[in-house]
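When the chains are written out, they are named A, B, C and D in that same order, and each has its own residue count from 1.
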Amino acid sequence: MDAVLLQVLNGLDKGSAYALIALGLTLIFGTLGVVNFAHGALFMIGAFCAVTLNKIFEISAITIDPTKTDFLGKPLQVKTPYLEKWFGDFGLAVMDWSVPLAIIISIPIMMLFGYIMERGLIRHFYKRPHADQILVTFGLAIVLQEIIKAFYGANPIQTPAPSAFVGTLDIGVYLGFAQNAITYPYWRLVYFAFACLVIFAVFAFLRFTTFGMVVRAGMADRETVGLLGININKKFTIMFALAACVAGVAGVMYTPINSPNYHMGMDFLVLSFVVVVVGGMGSLPGAVLAGFLLGILESFASMNVVKQFFETIFIPSIDQIVIYLVAVIVLLVRPRGLLGHKGVMED
Amino acid sequence: MQILEVKGVNKRFGGLQALNDVNLSVSEGAIHAIIGPNGAGKSTLLNCFIGRLNPDSGSVTFNGNSLLGMKPHEINQVGVSRVFQTPEIFVDLTVLENVMIPALAHRDGAFKLNPFRRMRQETDMRDKAIDVLEDIGLEDKLDMTASSMSRGDKRRLEMAMGLVQDPKLLLLDEPTAGMSRADTNNTIDVLKHIGDSRGITMVIIEHDMHVVFSLADKISVLAQGTVIVEDVPGNIKGNPKVQEAYLGTAN
Amino acid sequence: MNNSKYSDAALLLFFIIMVVAGPFILAPFGGSYPDLLQKFAIFGIFAIGFNILFGLTGYLSFGHAVFLGVGSYGAVWMFKLLSYNVLPALVMAVVVAGFFSVVIGYISLRRSGIYFSILTLAFAQMMFNVAYSVATPITNGETGLQIYNDDPQWLQGADSPLTTNLFGLKMNEVFWRPEFFGFEAQFNVGYYFCAFFLVIAFYLALRITRSPFGMMLRAIKTNQNRLSFTGVSTRPYMLAAFVISGMYAGLAGGLWACMDPLAGAERMQWTASGEVVLMTILGGAGTMLGPVLGAGFIKYFEAIFSKINDQVLHSWFAFMPDGMENFMVAIVHPFVGKGWHLTLGLLFMMIVIFLPGGLIGGLTSLGRVLTGRGRKSKG
Amino acid sequence: MSSDKNPLHTPLTRRSMLKASAASAVVGAAPMIIPSTAHAYLNEPKGANVTLGFNVPQSGPYADEGADELRAYELAVEHLNGGGDGGMMNTFSSKALKGNGILGKKVTYVTGDTQTKSDAARSSAKSMIEKDGAVMITGGSSSGVAIAVQGLCQEAGVIFMAGLTHSNDTTGKDKKANGFRHFFNGYMSAAALAPVLEKNYGSDRKAYHLTADYTWGWTQEESIAAATEAKGWETVEKVRTPLASTDFSSYIGQVLKTDADVLVLNHYGGNMVNSLTNAVQFGLRDKMVNGKQFEIIVPLYSRLMASGAGKNVKGIFGSTNWHWSLQDEGSKAFVKSFGEKYGFPPSQAAHTCYVQTLLYADACERAGSFDPCAVGAALEGFDFDGLGNGPTSYRAEDHQCFKDVLVVKGKENPSTEFDLLEVVEVTPRAQVEYAPDHPMFAGGDLGKCNTGA
């Protein structure tokens, strides 16, 4: 039982990332009708906002320590970050909290990024076939990746969580299990809570603002949106910036979980598309539901008992294929995904 | 002989009773018009004939066989063709190709694997398509891409696509809507000519009374999902029920 | 319609000339060596086949590389079991790919639009994951399926060559290496073997496009619903198109194995499927020559740009003064060698932004501008 | 670039060319007789230069490792041509290399991108052989690629000097006469690690393996399990993880549900960084199981990749082929010339690639020819020293180098960003040797060397 609960937690955590990326994807699909293959790259750019802030904080003054030598036998250069040098403990605390602080800078950066991307590129592709949209956004994704690679290299870069969030919480104790039955890293819990918050905020924004009403109307019937008047272009731009922002902050918060690298966006891209489609194209609750659901399924499939069970019925390594298998089944049984509307993106 | 018989058809959309116990029979060779005010359920009824919608209850039989539950292409293959109200043509293809597709579908059936047959070997179908296009007045636009045609021409192309299949029953959904008076008259002539020369049974949905009364052998009046009158054109005009139905909606 | 007979014949003739003269044409661009020429032909076939599905019907499959991959596996298994003769391998490749495309197509075609794309993608990812790990006894996983000395090779003759061959005609033989304006051109048996199939594939695709069957496929792209109200059952048409293009992919995969008898799982990955989509769109989807052109374009980039290093750059700009030379090298450096992906991404964007019809679309409008000017000057 | 054109066959007349192309275009054409070659072997260098092919990952997750390999190759070429300070050429026990290129020919090179994919790597290697006339191909950062390219070089008839490849198969069931590996392998890692693990963690341990689900992972898992079981450990579970995994939480979480007290991560590169990070995140190392401290082991370390895991590597045991902190003369010379040229210490991948290039060049000098068979013969059974791993020899039976193996541990207090690992023990060569027909390496066949003629 505790093992099952642990996998549910793991699934919710994986699902958080899927859901956040899928949410933005489906927003863009639903309103703008654009297939955005660069969405994974936006997630990656977000993560590198955190890396960059971390690097900025680590800009150091160099002093020579003659007692030690470096690998060439020369006197060792000791680096002390200016933050530490100037502000002492406060500086160290700021460095420690670089990831949460990165959220603050990433929001305007991602907004601006989304704005420029929509204005400069995506706008011209509303009326073009999906295939063209895929090609141009895929091209953009490659370009963004390669730029990041040129600056930061191909290796993963560690970006730790604040030390207050290192370690694990014994959740099992609160639920009446034995000690150490269900322990879970603090930061992953934070990530899950953060994802819920963002999802809630997006829904609230769409539910309770006039802007949101227009957007939702647009997702239900794109024709109507076209008739709504002069400001619709601006709304599209804001929509896109919002979606970019959601992907970006998801990336920032993800960095302590797994060290970011330049192709992390591509790793998520395909899965996010599967999530969006399983949830139902253009359905926001669908994307969230499918994200969490597939995350949990993936977690369960990686349990040893489950793997062994499937091996006895001649499906080895179920954890390798489960998401795709489920996607196929869902699409065959429910043509428009779990919560999809009729006719959205079917041509 | 009745070629199309509709008995007790009901269709609900949520709270709206779109069709309420509709009965209709169309005799072979006749031109049967269905008129009625907006929202009376005319298009819904037509959609029930071609497999786009499934009625909640009732029967639709064609030549004694039920059309319900059949797939759209199967219905077409038994001889029921439809001309759509808003032109649903193949916009990326040429006019001639637009007409040859239904012609080939009529000849070859629902599926034929002939990937290596050359189009230009299909001279029979080509001639047939051109014949129909001549009848309908599009013979000088054979190689035009359908998307670049005027709206009126598109509607005529739509009609040619139905006619080229020599259907036993042709369903026309407002064939002259949006046409100029001259075009309308021309269309009336074409339909009359075809109805007489090829003996095609037609069911026409129409707003334009001029068209209805020039063409129809028989008229059914649909109001609020029910057939209120079914009679020859001469008796329709003076019928108080009809007047009430139209005036009622006018208010 | 009548003059299409002549223009098609002219197109085919042009195509054959280009293919036969391939080694000469590519010599000045440094592309005249067997591996790249073979890849042009192989991916040309793959893209032509993909275009039958995507270009004609508009159905965007994101899993076509699967058929290429299983074709390769089928072919290598024939080498392992029978002999190094390429004919049984090719037959097997097409048959295996045909089988898989029937199964995957039958299921995926129950949906349309992006749902179809994701279904094919899902199948492709499952197949790739399985081939890379679980199915290692059949696929040799990470390394790729290859031929070992202790393979049975029941039909291998005692003195027949120990490399892929057509009744003794070795695929890796280079039979002529002329100098061509100072560039070396390599004429290779394997390339002409592939080229033969490329021409056949092109001709068949031309016939399919011009057939009633092809017209139905184009009608599906324009308005699938209307087509069914016209009495056409669209699903068998779609399945036929899917299987035909799957078999094209299988042929390409088989040829690849014939040229280089190793079948790696990576050629089934979604990125490989994406690559053929890019080739087709880049060249011009729905056109006859476009996919081949797009395939050549991407393969050329992959082969040539990734090999340019600083040493090469310095030799390019050697004529300049030192400072200038270093400056130029520094500018070009990020776009070549390890940065070749960056150039590729930029080119994708530029082509799709500025040439909406792909390379062929661009060439056509260029031709129109030129001939238009020609007329003006005459008039 | 390469001034050595390499006509395999004498040019035919125009007429026979037309015939040939016609014949090749007809299925079922009769066998064609090609005039035989005037060359003794494929790509025989005829001019003043000799071309080597450096085939490394330049895109994809191993791009940084590939870049480091490329730096090492460039350094090796510089040294071979007499530039720089000569690096390990000065400490190399064989004195055949004179700094005037190889056999008097200046060394030039071509580079390519393996993309860490078998197909792309072979394609790239083929273009080097066919177009650029390379006589030797070297490089790579994964076993799949190494084995695929090794097979190609065997078929084509050039020498392959493997780069970073750790799978037993490279010199086991997939060994080839034209292929040579300097890098160590899974078996050697296990043989070196097991005694250290026993010493530090005792002989009563229960191990849980998480293994990347492809051939390299399997051979390492097999090797480590066998070596630790021989020391009395018990293998509780072997779990395969999908290669595309980025988040290992759902695998890590289960570890504590068993009674295992050691976690072995048979992962490399990005997988290793993530699985290690996840394991530390879940607090495994703070746990006590069976009354013992829970431990994590990463059998194959890469310093480059380890930096992605940051502080998480502290105190974790693993093995490595070479480390820049070694204090023998060869290593010092190499670190010095590499460090002065590029500003940071070389990785183990760079080391093995540099050494392979030198070994190849030296073998050519000793053989007096670039002929692959002669070079191969010169390498087979060659004993040497001064290249950083103590006395080393290339075994003739399987073309595997035997040398000391380093057992390392994540450093507690790194002084610089490169100072992540500390060498715990230099396991002597005798301890990691095995018979050529050892079951983990069985089934292969070197075959005959191929000159491509």
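Throughout what follows, a residue touches a chain if its C-beta (ideal position, glycine included) is under 8 Å from a C-beta of that chain, and two chains touch if they have at least 3 such contacts.
Values in this document were obtained by computation on a predicted structure and should not be read as measured data.
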Chains contacting each of subunit B and subunit C, listed by label: none
Path length in the contact graph (subunit A to subunit B, fewest steps): 2
Chain whose averaged C-alpha position falls nearest the assembly-wide average: C
Most widely separated chain from subunit C, with each centre as the mean of CA atoms: B
C-D or A-C - the one linked by more C-beta pairs in contact: C-D
Subunit C and subunit D, separation of their C-alpha mean positions in angstrom: 32
Intercentroid distance (Cα basis), subunit D paired with subunit A, Å: 35
For subunit B paired with subunit D, centre-to-centre distance based on mean C-alpha positions, whole Å: 74
Where subunit C touches two or more other chains at once, by residue number: 129, 133-134, 341
Residue numbers of subunit A (touch at least two other chains): 317, 320
Full enumeration of touching chain pairs: A-C, A-D, B-C, C-D
Subunit C to subunit B touching residues, read off their complex: 1-2, 4-5, 204, 207-208, 210-216, 218-219, 221-223, 225-234, 236-237, 240, 244
Residues of subunit D defined as touching subunit C within the complex: 1, 5, 7-9, 11-12, 17, 20-21, 23-32, 34, 58-59, 63, 66-67, 70, 108-113, 117-120, 122-124, 126-127, 130-131, 142-144, 147-148, 151-152, 155-156, 169, 174, 213-216, 240, 242-244, 445, 447
Residue ranges of subunit A touching subunit C (in the complex, touch as defined): 35, 121, 124, 128, 130-132, 134-136, 138-143, 145-147, 150, 270, 273-274, 277, 281, 316-317, 320-321, 324-325, 327-328, 331-332, 335-337, 345-347
Subunit D contact footprint on subunit C (complex, rising order): 20, 30, 33-36, 39, 87, 129, 132-134, 136, 141-144, 146, 148-150, 163, 166-169, 172-178, 184, 186-187, 189, 192-193, 195-196, 260-262, 264-267, 302-303, 306-307, 309, 311-312, 315, 337-338, 340-341
Subunit A - residues contacting subunit D, complex: 2-3, 6-7, 10-11, 13-14, 68, 70-73, 76, 149, 153-158, 160, 167-168, 180, 183-185, 187-188, 257-259, 261, 263-264, 267-268, 298-299, 302-304, 307, 317, 319-320
